[in-house]
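Naming follows writing order (A, B, C, D, E and F), and every chain is counted from residue 1.
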Amino acid sequence: MSIDLILSNVLNPPVLFFFAGMLAVFLKSDLEIPQPIAKLFSLYLLISIGLHGGYELSKSGITPYIIKVLGFAMFMAIFVPIYTFFILRLKLDVYNAVAVAATYGSISAVTFLTALSFLQQLKVPSGGYVVAAMTLMESPAIIIGLVLLSIFAKNRENSHTDWKEVLRESFLNTSVYLLLVGLIVGYVTGENGWKGVEPVFGNLFKGFLTFFLLDMGIIAAKRIRELRKVGAFLLVFAIVVPVINAVIAAFLTHTLGIQKGDAFLLTVLSASASYIAVPAAMRLSVPEANPSIYVPMSLALTFPFNISVGIPLYYYLVNMLWG
Amino acid sequence: MSIDLILSNVLNPPVLFFFAGMLAVFLKSDLEIPQPIAKLFSLYLLISIGLHGGYELSKSGITPYIIKVLGFAMFMAIFVPIYTFFILRLKLDVYNAVAVAATYGSISAVTFLTALSFLQQLKVPSGGYVVAAMTLMESPAIIIGLVLLSIFAKNRENSHTDWKEVLRESFLNTSVYLLLVGLIVGYVTGENGWKGVEPVFGNLFKGFLTFFLLDMGIIAAKRIRELRKVGAFLLVFAIVVPVINAVIAAFLTHTLGIQKGDAFLLTVLSASASYIAVPAAMRLSVPEANPSIYVPMSLALTFPFNISVGIPLYYYLVNMLWG
Amino acid sequence: MSIDLILSNVLNPPVLFFFAGMLAVFLKSDLEIPQPIAKLFSLYLLISIGLHGGYELSKSGITPYIIKVLGFAMFMAIFVPIYTFFILRLKLDVYNAVAVAATYGSISAVTFLTALSFLQQLKVPSGGYVVAAMTLMESPAIIIGLVLLSIFAKNRENSHTDWKEVLRESFLNTSVYLLLVGLIVGYVTGENGWKGVEPVFGNLFKGFLTFFLLDMGIIAAKRIRELRKVGAFLLVFAIVVPVINAVIAAFLTHTLGIQKGDAFLLTVLSASASYIAVPAAMRLSVPEANPSIYVPMSLALTFPFNISVGIPLYYYLVNMLWG
Amino acid sequence: MKKVEVVIDSLHLNDVLKIFEEERVSGYTVIRDVEGMGERGLREGDELTGVYKNSYAFTVCEDDKAERIVQRVGRLIKRLGGICVISDVQLFA
Amino acid sequence: MKKVEVVIDSLHLNDVLKIFEEERVSGYTVIRDVEGMGERGLREGDELTGVYKNSYAFTVCEDDKAERIVQRVGRLIKRLGGICVISDVQLFA
Amino acid sequence: MKKVEVVIDSLHLNDVLKIFEEERVSGYTVIRDVEGMGERGLREGDELTGVYKNSYAFTVCEDDKAERIVQRVGRLIKRLGGICVISDVQLFA
């Protein structure tokens, strides 16, 4: 992997601002971003991704190739939480194993965005349907997690998993809902719709991502001190499992004949871990699990790793395979 | 009315996002938009409308035709709260009749915006002075309402209508104040001023409107459950009176020789009802009235009706008259 | 000084919106801007200035001329708080003298921005390194102030100036930190980085400044009533000292052979007073000083004076000297 | 000393603060935009209409002042909705 | 009358409010997104993950209702974290 | 148990929390950015200068800890402004 690849990823305002946010916390700067702003940006990014993806889909239509991409996404979203659960059980109780497995089975939209912006810099094309794939990958891990729980924690006190509630949290949480709304609206309003909203949801995209990552850097850094309590096993897990997932995804997409740009994005998605939808769902449905484990792992370790070293590494891998 | 007209209105990101917001509440998604964001967007939209209108005015100058448009606006703003008051008295006590009449006598800036975006899609021209007309239509209904109250509720306890306070609420509330500031600044700074702020207050307009309508959908849907208590009379009122106002406005503007695009916007304004300036003013000056009546009527019924079915319907009407 | 100069400064949406914000308070309009929004805009503006400056620096490189500009900035940032301290001691106790001197020794980024937008209107060029100069001018006044305090308030109760804390407040406060981050990121990512974020941090600049100044007008006006308690000496100080600083800066920059546009901006910076970084630092380190003195002076008097009359006045002066 | 706590429609908060000031309390604290439920239903606070927001205010004051304040605020609340309670506290600074 | 005060994970606030409503209190007030420290460490409130926010709720109600509420909320809090206290107040409106 | 409530300049909130922690309370809750009026005039909270914001913090703790806390916080407040009160509560969870 050439150092250029890392540099061209890192020497990018969004990534640099993420680390500037982290640094602010380490240096005890009084820099603070009001919470509604973080929310504003995260809603904005989700809508943007959705609308743009939907618009692209409206141009490409839904082809067998796209079905293949979606199918692969679905497979990873089911496979990852299951296999990681059994690894995690080596060291964790059932509750925490479920929560961590679900976290790594789901995805991070901002990691996806950073990868997309990296790809655009390299001028490698990719399809809007990958956004649909991403949306598909958000929820299954939550369901799988709770299924595993009901199998392996049978004598659970208060073991009243309210499945209706669970399905709602899985498929109607803010992330999934906004991505879906964006996809559908982008799809049905097509060219015309997109032209009207592009000045906001297209052009402002990278700038707002930069701003948002400053905030995420602050939030991630605040979680870092919790990593001390997390233990070596999980620290290693938080770096190694994403890389393993990436390797699996890269080989599978290659075997399936998926195009390079799409394959790279799917690889990044497989390597990414959730810090929005899944933690909230786990806190609600598995209160026995400790959020000070699964949130810092995902937010303070896997996320920074992925957006700095992971993305160029995965690209290097994909580039090698596709030649 | 062709189905095309409805579709070309509804298949528009802002309108679709409004209903997506409503749907989120019905499906109990956890989607939430922090309150300062709603405020930010509503301030933004008011300033945008004002600045753009003022800039357009600076190009057109103030002509007799414009005076006619403003005169018509003034007339509707006085006529509607009076005639509706007497209809409302059939079923409501004086306090609630005043509040509802004032609500329907005033206007909704977001409905105006949606109509404007519809018009632009059809490439029908309209004048910036209609924004001045809209500004003129915000406040009179509040004053008329309180005059009606002081006539018909003479033996009111605590009947100390503080007129100075009332005038302030009427003419210096956020909506009117920002529209006026925008109009004046847009007018005096003209081309040069507009060019500097257009990237924000012009180009981002439709995207931010889309975002804002998502939020309005959420807020409107939360008020829907209150509609049950409102009674059939008022439910019918909330749909029929806007249509009546639209018919009156369409015929009058036609008689007055007002241009098609302008006439359409004035018709929409007449049909729209306030959910910002008037409710706040009523809550302060007529605490005897029940906000759970006038707010849901305007926000959860008339507004969604207008931006979905109303706008194409009124356009159909205007189109017929102007040929 | 021609009236044209004043008009071309004042007939600018940002300046007009500032006074519209003030007027809203005087007229008791209910206009309110949620606090997170003020913060959002002020963060945005700091990042924008920094990124743009850094990008410009990446084009120009760091030349001896730039070192001269930075040196001059440093000189003013040390000279002003010292000389004003001794003037202030004529009427104020040591604590308040330190706080006011530090306030006027530091700078106001928004005043800088307004001057920049004025300059752009007149099409006079200036360099991105002035942003670096501005960043250098933020902090020294805080340090100088606390050095003066430790010299002249020796028998201070609780006189434990925590210098580590002071240095952190001085060099890592939000303003300085974000300007630095922006400068560095803008510098290292250069053309490529700037192109990606320009739609947000370049194009939206003036519009967001306009919006923000509306809010600053509201905040400044709320502080005006405190001016009554401030006393004639300080009222005069708040107008005269900025002008004196401007005159000194104009003559010095002229002597040093600094270019007209740069000289004008440095003059404005010298004339401006802090209302963000310094007040917060003073409140923390010199709680004996009364914020109702130094905040209203800077925010409700010097700032409005500078952005309305000061900027054209200083430009007139610079224009005369440079011919 | 007593602590008087009031929850009221944000639009009418100023009337309460005016009473506090007229009774010459040494100070008060306000938390804007709290949510709540009461006789008038759910008030979830929306910035849009501004009609569904509560504010919470409290003042720590001498017993006699508290007595007068609750009388006056009570009347306000009977008309406008809200709640007003009083409790014992010890003031330390 | 009693004032029952609860601080709990924002995600579980609804469970508390449901108890309030089931015990038929006349009303309650909620302050969202308060910060805090407790057994589960610092909770500084971040909107991003939504997992580190507390909410604060109180209700003023009759003594017997308060008794039942604290029993039920107490059980919730034992499982989910938070705090629940009760104190004497006089209700004026 | 006692409830100790403090309102103080947001910029100095950390000093209060440090006292809480040094006295080893089991937890505390903070509401940032409350507004208020006191000897130092109106504090309406502006994010711009950051100098006019209060924060409100409370802790529920044993009586002796409360005693020590109010002594220390009291000294702070005498210098920096604000208010500190103490009241009786029953802790349920």
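In this text, contacts are C-beta pairs under 8 Å (C-beta built on N, C-alpha and C of every residue); 3 or more make two chains touch, one makes a residue touch a chain.
Chains and their UniProt names: A, B, C = Sodium-dependent bicarbonate transport family permease; D, E, F = Nitrogen regulatory protein P-II family.
Keep in mind that this is a model prediction, so the values were computed, not measured.
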Contacting chain B as well as chain F are chains C, D
Any chain touching chain A and chain F at once appears in the list C, E
Chain-touch separation of chain C and chain E, in steps, is 2
For copies chain A and chain B, the superposing rotation on Cα atoms, rounded to the nearest 5 degrees, equals 120
Larger contact count among C-F and E-F belongs to E-F
For the copies chain B and chain C, the interface residues, called same if over half of the numbers are used by both and different if under half, are different
Max Cα-centre separation from chain E goes to chain C
Whole-Å distance, C-alpha centre of chain A to that of chain E, is 33
CA centroids of chain A and chain C: separation to the nearest Å works out as 41
Averaging C-alpha coordinates per chain, one finds the centres of chain D and chain F separated by a number of Å equal to 20
Residues in chain F with touches to at least two other chains are numbered 31, 47, 87-88
Residue ranges of chain A touching at least 2 other chains are 34-36, 39-40, 204, 280
Listed by label, touching pairs are A-B, A-C, A-E, B-C, B-D, C-F, D-E, D-F, E-F
The answer for chain C against chain F in the complex is residues 35-36, 38-39, 42, 158, 215-216, 219, 222, 226, 275-276, 279-280, 283-284, 287, 291-292, 295, 299
Touching chain E in the complex, chain F uses residues 1, 3, 17, 20-21, 26-32, 60, 87-93
In their shared complex, chain B is touched by residues of chain C numbered 11-13, 16-17, 20, 24, 27-37, 40, 117, 121, 203-204, 206-208, 210-211, 214
Residue positions on chain E within touch of chain F in the complex are 5, 7, 31, 34-39, 54, 56, 70-71, 73-75, 77-78, 82-88
Per the touch rule above, chain D residues touching chain B in the complex are 9, 11-12, 33, 40-41, 44-52, 79-80
